[in-house]
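Per-chain residue numbering starts at 1, and chain names A, B, C and D are given in the order in which the chains are listed.
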Amino acid sequence: MSETTTRRAVKASSAQHDIRIAYIGGGSRVWARALFKDLALCRKLTGRIALYDIDLSAARRNVGVAKEIFSHPQAQTSFKVSAVSSVDKALKGADFVVMSILPGPMQMFANDLDIPAKYGIFQAVGDTTGPGGISRALRCVPDYFAYGQQIMEHCPDAWVINYTNPMTLCTAALYAASPEIKAFGCCHEVFGTQARLAGLVEQYLGQRKPPRHEIEVDVSGVNHFTFVTEAHWQGVDLFPLIARHINKRGFFADRTADAVKQKEEGHWFRSQGLIAYDFFRRFGALGAAGDRHLAEFVPWYLTSEENLHRWGAILTPSSYRLGSWKEKDAAVAATIKATKAAKKSKKRAAAGLKLKRSGEEGLQMMLALLGDKPLDTNVNIPNRGQAPDLPLGAVVETNAAFRLDRVTPLVANPMPPLVTGLVNRVIDVQQATLEAAILRDRDQAFAALLSDPLVNIPTDKAWAMFNELLKANKAALKGWKI
Amino acid sequence: MSETTTRRAVKASSAQHDIRIAYIGGGSRVWARALFKDLALCRKLTGRIALYDIDLSAARRNVGVAKEIFSHPQAQTSFKVSAVSSVDKALKGADFVVMSILPGPMQMFANDLDIPAKYGIFQAVGDTTGPGGISRALRCVPDYFAYGQQIMEHCPDAWVINYTNPMTLCTAALYAASPEIKAFGCCHEVFGTQARLAGLVEQYLGQRKPPRHEIEVDVSGVNHFTFVTEAHWQGVDLFPLIARHINKRGFFADRTADAVKQKEEGHWFRSQGLIAYDFFRRFGALGAAGDRHLAEFVPWYLTSEENLHRWGAILTPSSYRLGSWKEKDAAVAATIKATKAAKKSKKRAAAGLKLKRSGEEGLQMMLALLGDKPLDTNVNIPNRGQAPDLPLGAVVETNAAFRLDRVTPLVANPMPPLVTGLVNRVIDVQQATLEAAILRDRDQAFAALLSDPLVNIPTDKAWAMFNELLKANKAALKGWKI
Amino acid sequence: MSETTTRRAVKASSAQHDIRIAYIGGGSRVWARALFKDLALCRKLTGRIALYDIDLSAARRNVGVAKEIFSHPQAQTSFKVSAVSSVDKALKGADFVVMSILPGPMQMFANDLDIPAKYGIFQAVGDTTGPGGISRALRCVPDYFAYGQQIMEHCPDAWVINYTNPMTLCTAALYAASPEIKAFGCCHEVFGTQARLAGLVEQYLGQRKPPRHEIEVDVSGVNHFTFVTEAHWQGVDLFPLIARHINKRGFFADRTADAVKQKEEGHWFRSQGLIAYDFFRRFGALGAAGDRHLAEFVPWYLTSEENLHRWGAILTPSSYRLGSWKEKDAAVAATIKATKAAKKSKKRAAAGLKLKRSGEEGLQMMLALLGDKPLDTNVNIPNRGQAPDLPLGAVVETNAAFRLDRVTPLVANPMPPLVTGLVNRVIDVQQATLEAAILRDRDQAFAALLSDPLVNIPTDKAWAMFNELLKANKAALKGWKI
Amino acid sequence: MSETTTRRAVKASSAQHDIRIAYIGGGSRVWARALFKDLALCRKLTGRIALYDIDLSAARRNVGVAKEIFSHPQAQTSFKVSAVSSVDKALKGADFVVMSILPGPMQMFANDLDIPAKYGIFQAVGDTTGPGGISRALRCVPDYFAYGQQIMEHCPDAWVINYTNPMTLCTAALYAASPEIKAFGCCHEVFGTQARLAGLVEQYLGQRKPPRHEIEVDVSGVNHFTFVTEAHWQGVDLFPLIARHINKRGFFADRTADAVKQKEEGHWFRSQGLIAYDFFRRFGALGAAGDRHLAEFVPWYLTSEENLHRWGAILTPSSYRLGSWKEKDAAVAATIKATKAAKKSKKRAAAGLKLKRSGEEGLQMMLALLGDKPLDTNVNIPNRGQAPDLPLGAVVETNAAFRLDRVTPLVANPMPPLVTGLVNRVIDVQQATLEAAILRDRDQAFAALLSDPLVNIPTDKAWAMFNELLKANKAALKGWKI
């Protein structure tokens, strides 16, 4: 067990909460580090963080990163961060459990994209839905199910915050382990939609662009396939603005040129929202996730790479996934090195570590759950009535009120019926996948895959693709006969 | 049309909202005057109030009262208050419609109590449920249905705040007129429960008694028959405290002596909460209204006046209803007179008008709807999913989030199944009564009455009682053949 | 193990089914003997019957009775009947399991009537609902739950026919043991309603009275609280006839005189159907059980013995229950003796055994399930959609199609909404009672009792009554702390 | 008005029902003539048939055909058949209304196939679902809605039997006109599945092939997309047989050769059931319609003509549709001519009219509704609970009991959840199409089309295709702005 103690003395004020965080996937290159920074910039919290990762060395590496972050001159607080060798050790006594794992080695993510592509099924992201998302779910659902059981054993009162995709199925697996678990899934995709609407406020109302959280949206659906059914800014209905915006001549014109440029430049995550607006035009509800996600839930935009380009969006290639993985580590190592060097030389190098808020809401959620500032935001939890047009019990994404030790869903508007139909279809596939993954049921897993909106190929070919995916996942599919 | 202009000049600040309020039942002795005072003490609002009442002279009398209130030295703002001769005049241009009417003359309220009593059915209040409540509903539902239509014609964007009982059926009648209406019903009964729980915090946690709004309750049911399924204060679960409290030796002992004393002293509205706690003991959910209300929804506490006394609660006699009606007017007249005299003599007489907040939340709701401070509180609106164990569409009481031009329900916990059963039974009777009242369907009205939990008498006698009630209501039952 | 072989040689025709019947409650004085006679008169069946009873001597007595029946000159077939000492022995290899037990000794049935009566709660029958029915359910539900498990172990493909009351809860307990069980509950109460309607055909249509099965009824509800929502004879709608019938002057006049006479004469099971018609008058659906049963599900007819008399119905006294029990045995013994004597003397004595069809449908159901004549009739099984206005999963009574190895429910009309409300209330109590009985949960059992429509007494008194009942049942309540 | 009287004297026996049939689409080349023959061969019925058709000459032609049929030597009864010039005349006094129309001229049917094909969407049939089915629905739903209203005006007690496709939407349009209408839709596709299973009985049980009605199936879904969830023959479970059958080596081998041959020979309606079995293999429920229909409801089999051929099924080309239309008329004319000639020459020519039962169940349904032989069979009516896993109110296909003046649905098994999902998706599209067709809502019609399982093309192209279809339908789309 490696451990770090921050140097700066922290004076515990009565307002400062002393908490324990268990981090499952504590070797995480992105989310864990973002959390450290967010925590470092918040004087209201202090305590301990236990990092667990199946790759203990990655967790240890993050202990080093954390050390630098909490000792940074801008840091407002410090946490004791340690890497632990078992989940149980991490969980004991935890107030919060943060989960962000990589389901299987990065090569498997690459397979999730490349194998379906051979069969003519292209995915822009591939981590949520479609053959890629289902393949990924088969790998991680059993782990999440087991983590859920361990959480209920060691820290049943802890709040569990999940960042891993497939978000819906990971969260659902926790609730499958115990309906009593206090878990929720967080996603920032809706924030992007709010930001886009804030742009319309600026453009059409002659106002300074408001911060995204001022855009009040009623949102419903499942993660990455959510819809805004109502949007206001300071009481102004934004739907007429959207209508005006998209009715402009040429608005829906072909954006292949943009996409091609983007691809050349490697801006893999950019999209223009044209698909989100196409949903608005065709179904009356605004897609509330990035176009690359939205496109994966329906059979219309990913019929070919060219078709996706037409909407100004691009595929993230598996090569990028494999490459970025290594680059991230290298970049962080370089930053840490530069930071240490700078400290030694008593000056801050340009290349050194910078503290900056991540824009994620995990920290605000924690604060609200600790009784600090109330927060109303979108979240993924089982449907208790908040999405009255979706099945009870399914993990859905709507707004909820975060208060002291409580997350209470706000009732969402029903979506337009055909959109509800599209979402229900996705939920059907998710429920079947969840069961198949827990029971290791090959036939049901295939039936689920076949029912996925992206699988519009002959059943024979789908069966071949499915088995190829299973084989590629073999090492991660414990308990399966492959 | 009589009109008043307040003397004090009001400087409209940018933060001050200029609103129009239509008050239906503007001759109201209690609610209208409470609202005037609450408004007078709130510097954030100004504007106009149009009072409509079928008794125009009562509305005019309130114009006089308002004049004194808004010219009171403590007043922070002023409103132009006028009495108008038609609903339409009141509604045109309204931002808010406040409704508090008396369904039929006070003598009919007396009949609602006295006629059932002849048949052995006693009601502690008689304005919500039971034969009295149904009789009252038959009188006022058609009016509310018509008001709903007029509101949709003249001010469809206005928020409609209802205070009239039967709360559920009046609110439901507005929605029967149009599902698009922006109406809700307000009730303070839950506040009393919060205050009682605040007392437990003081008693058992050694804290100063917290203000009632610090007690966070999850509430569900129908108005006056609501249940707390979860209660916290600063994260402390209050249910174990309740259990401890009621398990005290003698807690449920006979309280007849208290009741008799209360009756002698004429403290008609007091109750000790013993029935609310009896629900907790027997069903696991705390009754969240006064005992006199709760007792009317089940057949166990009102089998006789003595039985009610045993729980430390008493019947409000019809004689009191008739008497208080006149007394209230007299008291206000005296106050106004004293106030005017005092003003003349440049000093404030002891007997003069005092400005004091009512404790009602109508004003805070208005402010929240105007985009001011957000408010989460209990409210009566149609079930869109917030009470997943009750029928969709039925007017239920749960918490909701009041925000700028929006009321979004928060999803309530399900109640214990047998309590859900008790509430569903009440909802069945309410739905049937609503239809019967609108359609003037005598048979269905009787079938609804027969299904009421208080009607445990032979069907022949119930039929006789029903017809006696109809006859007593004849003047108020337009369109009925009686 | 005692066994009997019938003397007459039975020529097995290809059309004759050779079946094994397990009879749980095989000492049954009424149902078992009726079944023997029905079987004896049906040449299509032969085989073996194993009688199990906790009172082995009673089962043995029935072996003797069976011997006489199957050797009767009118008998068309024979069965080998034996008494077995364990349930398992009875069940092994069974094609049908017939269940008709007495829940607890007869004295407990007497208590079920007498204890509530002390608290002012009168029951006409006391075996289905109300305090008596709940008390009885607490005794027998755990046994049925265990029988269900044993059936699934020993003869999972057998059809289980239940005759025991409380019908709904006994059947529900079997399904609680396993949702895969092929069980149903039979009741003849609807037959009486059909017969009554056949009388109207005769009276108003100038036809010979048709047999009851020609009256086609759409029926829904729970056993003994069922409602006819539509009735036809040869395409003629009978509802206008009912309306005509009950609108006759004096139809609903006081029938106390009849009741008093009936009581004096000891015609305990007779009733005039006036309560069934009162439901029709008040709610628009015809009660489809005897008045003595219907009266127990609502609070209007059993407020006193006198009130019940007013409707021409009477209470069955506990003394009769105790007495008849002994008389039945004596009567059968005498018959058997006379039969034997007659056989010896080669002539049939007037007092000897007579074979006569029982009018029950158990045999026809068996035949239909064996692929013989199809049968559409009313039956008690879990709601799979057949009663769309009642909760899924609850045991309901509607029509169903009996075919070869299948019972498929026919979708019933929805009942009038207020009747649905009355039935739902009963279902709520039943579900809570079922759980309480299986879990031995005293608090929930009391909460269920309190929610019963007949319990309109103060909660303190109800609690006392409940505990008195528990004590009286002590010997039968295994696993309870009393 | 042209009229025919049959020559043979019919002796009205007491058992013979004298009925009036209104035939909407009375010029029908296939269904009307089949009905005449079925009627002619049934001695239990006589009466009048009024033929209405928007093509009066076609109706008149059928009067001539009917004349020959009912005067045929084998005819057992006769009907007076006339052609009438308005729907109202046909409907007045009708006991039965039979509906089989052609929605738009045959050229429009051809367009329904050819236009989507240009966009890469192939349909094997094109009359039920997919772009072709939706296009057809837009044409005929308004007519059916209007017919429904006229039926309720002129003969509200008549039973309405629909044969027109799209079956579900035509039937739904009648119920949209009035929920009180007594309408149902008939389809013989399930019969084919029964026949196929009868073949398995022969093949595997060593029995003579039983008639198809002996195969008892539990069926659920929507017309042409129905599933067998359970199948028995004389109590033998046929599902293990199906499993055995399809597990044979090579069973699912490529059947392109067969398909190509079939296509060359013009056997347009043949299929081998391989797709039905593929559903069984992948989802656990047997498709219960012809493969050409089943393939149209999912995106897997019609990705290309070649892919369909692989399953041994072929596309029906629009050229065949156009050609057969004319051929049918010619063939009938020839037959009638030959028949007349034969009659004249007192001998029956080989080419003359032959009376033969159609295999349709319309006649048996009529007989059952008239109180004759009860019939349990599959039928299309709104879901009242019979398909508990599908939305209430949607027109579904399950079994139902036909009895005297009643059709009572039998509760179907739930389908496997993923199959329910596939069916729900179709229902969503149908509901949206129904509304769009009645309201002439172009946007909703397109949104429905886009949601159809066959529409897996870019949204731009789908929009172009949709508008091309609208234009091609212009003459038939009254009230649309095109």
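Quick note on the criterion: a residue touches a chain if its C-beta (ideal position, glycine included) is under 8 Å from a C-beta of that chain, and two chains touch if they have at least 3 such contacts.
All values derive from a computational prediction rather than experimental measurement.
By the document's definition of touch, chain B and chain C have no common neighbour. Here the chain-to-chain distance from chain B to chain D, counted in touching steps, is 2. The chain with its CA mean position farthest from that of chain C is A.
In this assembly, the C-alpha centroid of chain A lies 59 Å from the C-alpha centroid of chain C.
Between chain A and chain D the centroid-to-centroid distance comes to 48 Å (mean Cα coordinates, whole Å). The geometric centre of chain A is 45 Å away from that of chain B, both derived from CA atoms. Under the contact definition stated at the top, not a single residue of chain D touches 2 or more other chains. Those chain pairs judged to touch are A-B, A-D, B-C, C-D. Interface residues of chain D, counted against chain A in their complex, comprise 278, 282-283, 299-301, 303, 307, 310, 416-418, 420-422, 424-425, 428-429, 431-432, 443, 446-448, 450-451, 455-460, 462. On the side of chain A, the complex with chain B involves touching residues 216, 218, 232, 234-235, 371, 376, 384-388, 392, 399, 401, 403-406, 408-411.
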